[in-house]
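Note that chain A is present in both complexes that follow, paired respectively with chain B and with chain C.
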Partner chain A sequence: MRKIKKQKIYLLALLLPFIIFVIGFEIGPLVAMIKNSFYADDGITVTINQYITIFKSKFYLSGIKNSLIISLVSAVISVTVAVIAAYSFTKFSSKIQNRLLMIANMTSNFEGIPLSFSYIILLGNNGLFTLLFAQLGWDLFADFNLYSWTGLILVYVYFQIPLAVMLIYPSYQGIKKQWKEASSLLGGSKASFWFRIGIPVLLPSIVGTFTILFANAMGAYATAYALVGSNYNLMSLQIASLVASDVTLKPQLGSALGVLLASTMILAMWFNERMMRRIRRDLR
Partner chain B sequence: MKSSLTFHKVVVGILVLYLLIPLIGTFLFSIAGKWDHTILPENYTMKWYIELFQDERFYDAFKRTLFLIVMSVGLSVVIMLPTIFIISVYFSKWERLLQAAAMLPYGIPPIVGAVGLIKLYSGGPIPIAGTPWILIGAYFITILPFMYQGIRNSLHTVNAVQLVDAAELLGATKFQAFRTVVFPNIISGILVSTLLSVALLFSEFALANLLVGGRFETLQIYLADKLNSSGHLTSAIVITYYSVILLLTGTVLKLTFRKDKGPIMSDKKRILSFFKKIFRQKNTALEGEN
Partner chain C sequence: MSYVTIDQVTKSYDNQVVLENISLTLKKGEFATLLGQSGCGKSTLLRSIAGLEGVNVGSILIDGKDITNLSPRQREVGMVFQSYALFPNMNVFDNIAYGLKMKKVKNIKSRVNKMIELVDLIGKEESYPHQLSGGQQQRVALARALVMEPKVLLLDEPLSALDAKIRKSLQKELKRIQKELDITTIFVTHDQEEAMTMSDRIFVMNKGKVVQSGAPSEIYTTPANTFVAKFIGNYNVYSMEVFHKLVRSSELKGDEVAIRPEVLQLVSPGEDCPDLQENWGIKGVIKDVTMTGNVLRYEVEADDSYFHVDYLHHRGLMFEQGSRVQIIVPKKECIVL
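Right, the complex of A and B next:
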């Protein structure tokens, strides 16, 4: 018996490095951030003033609002595109489907700084397309500005679509051909099949994908940083400039914003789970 | 029926074009000589790549990124392999806890992680903010979900617990059993998650920029710094960088294909399992609630 006990202590010691890393770089920083958000700017007085500052300041509130809107809009667009595109995927032979998934997989790695750069040389002030459209005299694009809200949405949608396609595509495989046959045998039309069977079956994965995309966009930093720098008011850019810039260093306020950003994500996950439970109950 | 297939062809065609145009555009830009008023470049040149490969700063940045990746992925393998093995064999009641700790980074965006890391490590007993060491720690956590999934799945696939039991019955010590039986069997499974982690860290910018910035210039920071200078040179960097990523993910895909029967199935499974894991995590939370 004693031998086994001794062995267990030895084994526990082997777990130590993992525990140290998790405490030092995962749990520790989270706790430090939450704690820090309840201090005043001097770092000594305990207060909830940082949160009050955020909710009273037009600047920070609009940053939060911008982030939420950009995340929601880009997630909605990407999920819609992915639902349609993934369905179209299933109409091709498995070899082509495979190729298409490869392309989605490939392009899902094209994000952050390189992606922003690519958009800058294509659609920026002196971008290839910008100049081309100007020469062709297409007024439609004359007042398009990449370094703005529309530009950000465009780039966000680009890195969200491949991910959305890869997440939604598998759930189409769950819709059996026999279901369609059964539905039409029982007198259902194509539309009623999709409304009563197809979409309800897809719904959990659509909602799940939506949450992932939303969270993905809320936390996105590199893309926005490269594209608009600090000229555009986004939550992630605000946090970065509060904790790591040379000019406006306010780590406590940054921590409070960080806590809010993390809470938004937890809220999104919670909402997702609620939806999932409701959907599943309906299915049963 | 035929017209609907045309519709699907158009949809897929537009999507593929939309996804590939930025890549193709950047590639053309990187080999273009003069290109300002025509649809395709007027002439092509390799001079941007030559210039890039003669740039000391590029090599240095590349080396720094490699150093960070080798250190953090290496540490992760060395630490996570025994940890997951020991927990699943001897302390299976803690598996949930391990899973929660390993999957948590998935829900924390780097920007949030950076806030606490800066607070914790600028000053205090371990002032490593601004040095590569803090990045190695942060990256260890960043790749944790992938490494955890990869290692745990491979341990499950080869029935590690039974293998060790069998080896012990035959007189081997635990360490021997792990080293000579389990390890050789899971090495290829770990390779996939290792390569994925490498690709992930290659494109990591947020943590690098916030925690260390210009003091330890990684490839991504170098790239961000070059954004405003010569466009051609920067596109050469982007293409070089992206080729490395493609090579890595391509190998990952190939390895996954080889293991399973049909490529489609394997890809589907990979994505599905990724998806399921996200939900499994939630299910465990749900069960805990009830």
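Right, the complex of A and C next:
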């Protein structure tokens, strides 16, 4: 008995750095953020005015709206592409599959300022391709503006797709060949297999990936900052300017926006989970 | 009139022949078993009948119709897999109803309920596969195949993932349902006891060929070659030269002799050998005794050869390890191969 107890203490001791890390870097800042959001700009008076300010301000509301739209659109595009791409991965030999995954892994980590600069160099106003296409007389990119909403979506989708592929790919391994065979013997077509069995089985993974992509896009800061600076009104850019700006520092208001950002993510997670359970009744 | 005809079917993967010139016929309502060791081609043959694998040469006919080049869903065959292959996102009812929905037939509910009753799963309609035991899952898989009223039911080692007790009861159940529906069934197994219990006819396969076919008792009592003798009945098999030395007689002619372990008798060396006209007597020593429940198996050494002798397990051991004995070999039970 004593031996077991001692062992447990050792194990708990090993866990201690992790616990300290979680409290110090995750729970601590979260609590501080929530607490700060209920203070006035002076940092002394307790109030809900920061939230009222946000909900009354067209500027902040449009920031929230823009962030929500860009996150939803980029997540939907990325998940759709990734579902098809990950499936096509499974059709290659395992050697090629490993290579493809390696590329996906690399590109999914290629984000932030380097990614934005790559895009600026290639597709910016004086970008390589922009100039090349202009020289060749192709007006393919004539109306394309990298520093716009479309440009932002393109860049977001670029790093979201490989991440989505990496997350969805393993669940294709869970689709058993015999389900397809059973379905075809019972008169089902390929489409009916995917519609009635394949996609529902993949659904938890698709929904989970969608939630991660949505959160990833909502919180993306460096990429957007490097690309559009303050020209585009996004929640993450606003929070940054409120807590780390050279001009107006309003950390309390920034915290309130941060709480709203976190709440949308939680809401999205909850909503996705509910929708999924409606379709996959066996997971209840 | 044959209902299922497999005519000179050959199949190979990467220059390796998996099925070699296989021909067999089945009557309507027959329960046939493809029996063989793993890798002998039995599952490939079954999958070829289902249309899940193509064949290089030969044809497959069901009810007079050539189905060789038809897709699985056009073949009107039902199949039950070893791993059940139930759709995990559907409950029992929906799993069974899947095929009917695909065919857009009417009165799905009553047909599914009838099947649920047949496989004794009333009350489990709303359960999902992960909530069922292995035996129950296999019943669902069976119902899902049967509800389509297939012309032929294909069973690919459907009981091998189950424990012994459930396996035995499902064997009986399967046989009952097969008789009740009078459905032509092809069953694949590597278990000779299972094949014996269930089949009207057994096709023993080895290295992509059917090496013997016949009723279970026929296969068991008159194996056509050494492989069948060893695989089917744990026969004692000896080369003729060795056998001549053992019995001190060259009465039998041929290459090999096979003797079933249960036809041999053991007597004490002092006892007389019963009727020398009908039997041979071989002196030996008991090397080992193993008990498999109702059977006692003696391993007897005689002139560097070993005999397995099976006795029903009556109370107590007849002979101890190390005892000197005489093996009585009935002449008429020696099968020359």
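A few comments on the model shown:
FYI, the second predicted complex is superposed on the first by the 249 of 284 C-alpha atoms of A that agree within 3 Å, B and C clash if a C-alpha of one lies under 4 Å from a C-alpha of the other, contacts with A are read in each partner's own complex, and residues count from 1 in each chain.
We adopt the following convention: a residue touches a chain if its C-beta (ideal position, glycine included) is under 8 Å from a C-beta of that chain, and two chains touch if they have at least 3 such contacts.
Bear in mind the structure is a predicted one, so any value in this text is a computation, not a measurement.
Touch counts on chain A: comparing chain C and chain B, the chain ahead is B.
When both complexes are overlaid on chain A, the residue A:M102 reaches chain B alone and has no touch with chain C.
Of the two partner chains, chain C is the only one touched by A:K176; chain B is not.
By the document's definition of touching, of the two partners only chain B reaches A:L15; chain C does not.
Of the two partner chains placed around the shared chain by superposition, chain C is the only one that A:L185 touches, whereas chain B remains out of contact. Judged by the touch definition given at the top, the superposed model places A:R196 against chain C, while chain B stays out of reach. Chain B makes touch with chain A in their complex at residues 4-5, 7-9, 11-12, 15-16, 18-23, 25-26, 29, 35-37, 39, 79-80, 82-83, 86-87, 90-91, 101, 104-105, 107-120, 137-138, 140-141, 144, 199, 203, 205-206, 209-211, 213, 220, 223-224, 227, 231, 234-235, 238, 241-242, 245-246, 249, 253, 262-264, 267-268, 271-272, 275, 278-279, 282, 285-286. Contacts from chain C toward chain A in the complex involve residues 50-52, 71-73, 75, 77-79, 81, 83, 85, 87-91, 98-99, 102-103, 128-130, 144-145, 148. Those residues of chain A that touch chain C in the shared complex are 176, 178-179, 181-189, 192, 196-197, 200-201, 280-282. Residue ranges on chain A touching chain B, taken from their complex, read 8, 11, 14-15, 17-18, 21-22, 24-33, 36, 81, 84-85, 87-89, 91-92, 94, 97-98, 100-107, 109-122, 128, 131-132, 135, 158, 161-162, 165-167, 169-170, 173, 205, 208, 212, 215, 218-222, 225-226, 236, 239-240, 243-244, 251, 254-255, 258, 261-262, 265-266, 269, 272-273, 276-277.
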